[in-house]
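In structure tokens below, several structures.
Both complexes below contain chain A, partnered by chain B and then by chain C.
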Partner chain A sequence: MASSRGGAAQRPNNQSQGKICQFKLVLLGESAVGKSSLVLRFVKGQFHEYQESTIGAAFLTQTVCLEDTTVKFEIWDTAGQERYHSLAPMYYRGAQAAIIVYDITNMDSFGRAKVWVKELQRQASPNIVIALAGNKADLANSRAVECDEAQAYADENGLLFMETSAKTAKNVNEIFLAIAKKLPKNEQVSGAGSTNQGRRLVESEGNTKAAGNCCSK
Partner chain B sequence: MAASAGGDLPTTYDVIVVGTGMTESILAAAASRVGKQVLHIDGNEYYGGLWASFNLDNLIKWVKDCESGEHLPSDLDDSNSDVKINNGEDFVFLKSSASHISNINLKWHIPKKNNEAQVEQWSRKSQTGHEEEGEGAVVSQPSSGEGSHSRTHTNSESEKMPSTNFIRNGNWTQEDIMREYRRFNIDLAPKLLFARGSLVELLISSNIARYTEFHAVTRVLTWLDGELNTVPCSRADVFATRYVSVVEKRMLMKLLTGCMDSENIVQEFEGFESKTFLDYLKSKRLTAHLLHYVLYAIAMGTDDMPCMEGVERTQRFLNSLGRYGNTPFLWPMYGTGELPQAFCRLCAVFGGTYCLQHPAKALVVSSDRCVGVVSCGQRLVADHVVMSISQAPSHYLEDPSSSGISRAVFITNKSIMPAEKEPLTFLQFPPGPTHPNTVTVIEVGPSTHACPKGLFVLHMTCKQNKSAREDLQEIAGFLLMQDDVNPSDYDITTDTQSTQTSGQESSSTASEGGSGGDDTATVRTKPQVLWSMYFNCAETSKSLLNANVPQNLHLCSGPDLELDFEFAVQQAERLFKTMYPDLEFLPRAPDPEEIIIEGDTPDSPEDEEANSLESDEQASSKQI
Partner chain C sequence: MSSNQDLIGIIQAKLSSGETASSCHEASLMQGWVRASRILALVEHENEWALFIFISSRMPPEVFTDLAIERVIPVDSDFKCEIDAGEQSGDVYVNISSRKLKLLFEMIPGIKTNNFVSEIMRSMEALMKLRGPPPEFQWLHKYSGSTSNRNSADCDPAPVDAADVDVTKGAKTVAEKMLDIDSPDIVVPRQSIAQGATPIAARESVIRYQMSMKEDDYTFTETLRVFIGTWNVNGLPPNASLSPWLASDMEPPDLYAVGFQELDLSKEAFLFNDTPREEEWRKAVIAGLHPAAKYRQVALVRLVGMMLILLVQEKHEKHVRNVAWETVGTGIMGKMGNKGGVGIRVEIHNTSICFVNSHLAAHVEEFERRNQDYHDICSRLSFSKFVPTKCIKDHDQVYWLGDLNYRITEMEPRIVRDLISHNSLSALLECDQLNRQRQHKNVFDGYREGPITFKPTYKYDPGTDDWDSSEKNRAPAWCDRILWRGDGMEQKEYRSHPILRTSDHKPVSALFESQIRVIDVVKYRKVHEEVMKKLDKLENEFLPQVTVDNTEIIFDIVRFLEPQSQELIIANTGQVPVDFEFIKKLDDSKYCKEWLNIDPAASSIKPGEKCDVKLELFVDKKSASKLNSGEDKLYDILVLHLDGGKDIFITVTGNYERSCFGSSLEALVHISVPVREIPIGKLVELENVREAPGGMEPYPIPKEIWFLVDHLYRHGLKKQNLFLLTGLHSELIAIRNWLDNGSSEPLPGSLYSIAEALLLLLESTAEPIVPFNLHSVCLGAATNYLQCKQIIMQLPEFRRNVFLYLCFFLQELLSHANENGLDAKTLATVFGAIFLRDPPRVSARGRVNPAVMDRKKASFVYHFLVNDLSDYVMSKSLHLSGTS
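For the complex of A and B:
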């Protein structure tokens, strides 16, 4: 499941030594809790009060450098499919990490986050690293979900937990870093018994042609 | 577009797509990609319709739903009573896809449980530090469908967790398997992709390939003289195999080169235009073995296949060789049900709206136009409606009761031909005296996420003659032990299901007597069937539409008999061209690096629908 996807991984800045691990990270949570904003803050360092949904973005990438390892996150956003509770399981297939986001000013979104935790525990790969993010921490004045309550829930379920703010950037890099640290970096053979990875189809691989090949396509 | 209250859907679209089968999903993606406002709904709680892949529990639930005829919309029920109908408009009621499934036969071939105590409630430990898979993974059992014959998680005699050693030697119980139910991904319509087939090309050219991963099929087998043989696929294979002599190797290479030599193809096949491929192969004086390999395995044909069709199919096979692996074929990780979802995701990424558990009850039709659909008490309007044929009313089809597909699925305890590295097998079982149709066999293992470690899933597909079980049971008997007993004494007990014992014996002695083939170093005993399912599915790829189908209603076929997705891709492209003749079919979606993130915009966050109509230019422009 984990790591090094062929030569496709691009070389991050100044990190030619040490290994590079690539992980798929998915964002989950109710609409309008700030999933995309967290990603944009982390990937681009930007925040927009009225963030539009990002049309055409299947996923974004960002790297995190640990001591001896560079972790490259491939960050998948829901593309709005969660709105009518119709997120395709394909979305979190093979994800090694997930951030489940709720809005600390909205109790319902916390309830929904718990449902997502359950769903992932049922459907995702068993070794997935799950982080719970109580977003909009800058709006603590209108807080509806107590930090202690969320922390207790996270502890019970073995989740990482932080209150974050995409607006002020509070804990945004930190939560991704915490996930990066928790991810297993040496999983050549994953626990699920897959000794060989799946492969992505890319054009370049097609250039090695078979014997006696004439007209393709 | 105004959303009505109560979380209901917005009501006006460019395209409404009903059903998330393969063709529908490709069309949804294509329309959304070029900026059309797409609503994609499905009455099921899962994606894929008749093209879906299920975990074992959901598969059993699907069987029950099909058998009970659930989801059959009767008429305009209460939820629709408010739906407005204008002058000159009519409701056309839709059918349930479940009506396309019949003759379901599901069976366990192993005991419910051992004496060892089983525990229902396992708590999940922290995620890391538990490298041993399965341990603590099952959190809760699905609550639906109490009392099913298969749900056996009710016993809690002991607090102790059973050991989770998943490599077993035949002592599987139903409980063992159901405990791992979510590690299965079992396909209703298993298909392979030719490495240079139109779906692979489309996935790459549209950039949807980034969403999914594949495994290359590791070997092509054939059934020859009562045993399994590895078909030499590549040049390296041809020269490595011990099945064919040196002379035969030259013969085979010459023949295959001849089929691929486009310059001289006219001369080469002169005189064979109206003959069969078999005639041509015979004229080349191929040995019986070679003839079998080329005709049945490489061309995947039959004795009466026209020569040029055989040449074409041989070319297709050879063209796809060497691109991704040792064989011409790919299999999607997590099963074929991932593929419609991948197209749906592209549709969503470009602004499409997704709504499962949202059945379309009826079409709203006005003279020769489909105005929209009625779903969950809402009248939803669109310029175009795309829908699966399986839901179309009978009077839209010329011949509603046409042909069918016979399917069988087996969970087994090992591969039909064990190999050092986990095999992923394609086997085209040639027609025989007792089985008139070619049977397509695909065997997938744990590394594709088809099943837990220690198990394999074997799929069989053929044209329907009688019932799926009658059509496929004999061939299953050639490859598998279908009895319900302990495997250690299988050879002295009779098959409880049928009279296949003679077939079994002959095949096992044949392989043990052994021609000393590459893979028969170990004495081969057949895999034991732990669980089996047979069913029939309608084959609608050749269904003819009646002239009274509204012009802007586009009907998509269900799974077809062919191995690849060629038909679905072509149908989707053809329908797209009738909808939007001037627009490009699935142009390349930008890579993450190319996405420009919209800056500060004055729109309110509720206004998400308004943003989906960005031009391609904008979406693919380079980020600074």
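For the complex of A and C:
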């Protein structure tokens, strides 16, 4: 039967389905906790036992379809090595979301995660949605960080929290989905996010500061 | 503007004579999942317009042979151009569609795009204003073969309905041959991406386009029974139930569109467009609807005597959206509402439908007026609440009903009646003006009408089934007609209802079974998600990718003034061209430290190609002091940014071998051995804690300065142009080594090199001899020797020593001016710049004229070269003949 329609002006009933909100998301955490693996699992559905160390900041995008909106994440997966720490603000400034990753078999990495949380609370956009991911949940046998402890810490600091496994895919989509749901979908935020892609990240500094001002006192 | 003119010229050369390219524009065609560069041109030939789409072998094209015609789209009644303006950011999207072809173009926002789109709109308006048969586009024939267009015969299998007396069908039009429908799911052409086509971005209009191309995957059709009725009621009120007309079918229709003409013939109705008849007939319609279903009125529109009422079954009401109505008068003066049309448009589920009720010009011979009225209604009936406005043709399905007033000509009324009484309708239908005009494509082009099996519906003596018995003795005619246009519409009934005798016309009705597209929400979500996934995958796959051969650039031993370089190879291992750039970190002013030079710091690399980046490390007089004092290290992390993609960190490290160059005067006077013999920690300590180590008595001036000056004093007083000619780099290195390592050999190098080494030594310190905090005071005092003298006397001891020591030496040099040709002004200029080196930020401020500053510095020093300095309190070691 007929397949010709009146051009692209024909829109489905639920128009908001077409609306895309773009958000910048940054992954932070100590070296070798599985930041890149989480992203690889989320974006490509893959897992490499020997994931190369990230030297720089990898960039990928992934879309999550919610009931009424579509959330497009611009994901910056940062290098975890301490010597690159001073470069991290380039990536978390202007970010609307962050996943701070630690390794449940490594207590130090949890400590480092807490330091990241503090840094973000101090330096990042005040409205940033932060999720704490206790990765390598598949290695529960060698667990060093208790789930309850991390959950309590997350609750105290208003973070989303999940134990994840990039290897088994446990909670990987879920944590991104939870972030997508928590992000505000008003025009302003999505507008700001969409301008970041592939741009010089330092330029978004102004936004962050402005946002900080209006919220302080 | 001129470049656009050039482009038009090139395109013009591609065309035949008589064809004029009036406007052109560059655009990106969304081709499946990639966008590719195209050039669009609007071409005119004898008032017919067509949109030409060119592929160019290079952008921009330089000669016409660069261009190949990809497609030619005639601007005909099927041509549509819509701008997707719904997005706040980025580019403009222009939808061009014609029949089953849909193309989406991305254009750069701006005046050029606006102009081009306006030109297209203008050509469409020109088409609307055309009268007579629609353009045939014969001139485009020659282009149909030259392109990649498939023969469209095999992609249009639509069989002619049995019930379909379609006078417009027949030989394929040029337009149909020109259009070639692409599958929306072309395999991503990697090759073309590598050559500069880029994957499409996940923009909202692109997603809408993708979704519209996949509509079949998430919609299903639902059959709607549509009842269309038309009746010219001759100004009379309802006097009988309308159910024989409106409820004549077994099953209740889903939708009613009922049109009336001559609802009210009174002057009041004409002048004030106000009539009680509206409500009377509306009630009569509602009362006459099929009793087996409940209906809701969607819209009612009336212009004088023309009224159209649209009703749907209650259960469909929530699926009816975007309702709009308009009226067009074509009567007296071409404007008044005694003739013309009224329209209602709706969207039901995912299908747009337009209903038009028209009353065209009367009188037997006026068929051309009727044609014109039709064209006027087509061009003037636009639903302006939409942006851009929607016309009748912009709908998936159109129902056109009304008293179209076409008559039976070239036949005596008596014969007409006779034939009717013998039920020989076919002979009459051949003489029907509407059929003839449609055959000539003068009117209702693209519309269909079902076979007429009912008697003419005009003109009767009111209240009877008898033909007009008045003196006018009018011939019977099929004035009242129902036509349609669109896909998935099937007429089940087409009939008149003679039992209704109120008027001199009989009402007519048609029943359709029309396919309405309904979105399956679950499937829609699924397809939408698939589209998004596909876009994600593409976007990630076509992100710029490079590998670098080394992220740790290690320079081994780095010495003052000896440049070293290493290469970094950036290889484009991705599928798209890469623009890379070293970017600065948050608080830095440059993308690398001052001792590093990157060449190139930004460039483009094609897929499969490489770029060698040279990293040159060079410690000179500017950077040496910070490295000596430990304020800086040979350590930097470079951020290599790929435009639209990731960043790569490249660490640069090196081991700096400290030198007396870059050391402070205060440190040097405390060192009695060559600098290289002092442990690094000690050196750094000396730079930061200015204290004499282990009881050593500091020298009055650094021994390195003494070595250099002493050598010049002994051997160079008569040398011409000393301090004016430069030395050799290799000799400077040798002198540096001699000073830093110590040697029993004599000081190497020519006098010029030694003189330059002295200047360099003074220039490499963190601060000049006159500290930065006294800089402006000195310039202010430059004309006054006494003040200058005071400032010098207040200098810290070692600085004062060095200053005066050098001035004594320069005076000595000047005393040999006869031999060496030097003069006080020249030396004052050279040493002014050194003694009073600008603080780091002064030059950047740029408020003071540098030439003025230089003059002041020179005049400051000049005093000390021409005045007797013997009254200065001197320590013994300042005598030039002093021992080391």
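The rule is short, and it goes like this: the second predicted complex is superposed on the first by the 156 of 217 C-alpha atoms of A that agree within 3 Å, B and C clash if a C-alpha of one lies under 4 Å from a C-alpha of the other, contacts with A are read in each partner's own complex, and residues count from 1 in each chain.
Basically, contacts are C-beta pairs under 8 Å (C-beta built on N, C-alpha and C of every residue); 3 or more make two chains touch, one makes a residue touch a chain.
Quick caveat: nothing in here was measured; it's all calculated off a predicted structure.
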Chain B versus chain C, judged by how many residues of chain A each one touches: B
First, second, both or neither for A:Thr63, with chain B first and chain C second: second
First (chain B), second (chain C), both or neither touched by A:Val129: first
Partner chain(s) touched by A:Ile20 [first = chain B, second = chain C, both, neither]: second
First (chain B), second (chain C), both or neither touched by A:Ala79: both
First (chain B), second (chain C), both or neither touched by A:Arg93: both
Which superposed partner A:Tyr50 touches (first chain B, second chain C, both, neither): first
Chain A positions touched by chain B in one structure and by chain C in the second: 44, 55-61, 79, 83-84, 86, 89-90, 93, 191, 194-195, 197-198, 200, 202, 205
Complex contacts: residues of chain A adjacent to chain C: 1-14, 17-20, 43-44, 55-63, 65, 70, 72, 79, 83-84, 86-87, 89-90, 93, 187, 191, 194-195, 197-198, 200, 202, 205
Partner chain B, residues of chain A touching it in the complex: 32, 40, 44, 46, 48, 50-61, 74, 79-81, 83-86, 88-91, 93-94, 118, 121-123, 126-130, 157-158, 182, 184, 190-203, 205-206, 208-217
Contact set on chain C toward chain A in their complex: 80, 82, 84, 88-89, 95, 97, 99-100, 102, 104, 202-205, 207-209, 211-212, 215-216, 221, 321, 349-352, 390, 394-396, 486-488, 515, 517, 519, 521, 524-525, 528-529, 532-533, 535-536, 539-540, 543, 551, 583-586, 637, 639-641, 643-649, 651
Complex interface listing, chain B residues touching chain A: 7, 9, 47, 124-128, 130-137, 139-140, 166, 182-183, 195-196, 200-201, 203-204, 207, 209-216, 234-235, 256-257, 260-262, 315, 318-324, 330, 333-334, 338, 341-342, 344-346, 348-351, 353-358, 421-422, 446-449, 452-453, 589-590, 592-593, 595, 597-605, 608, 611-612, 614, 619-620
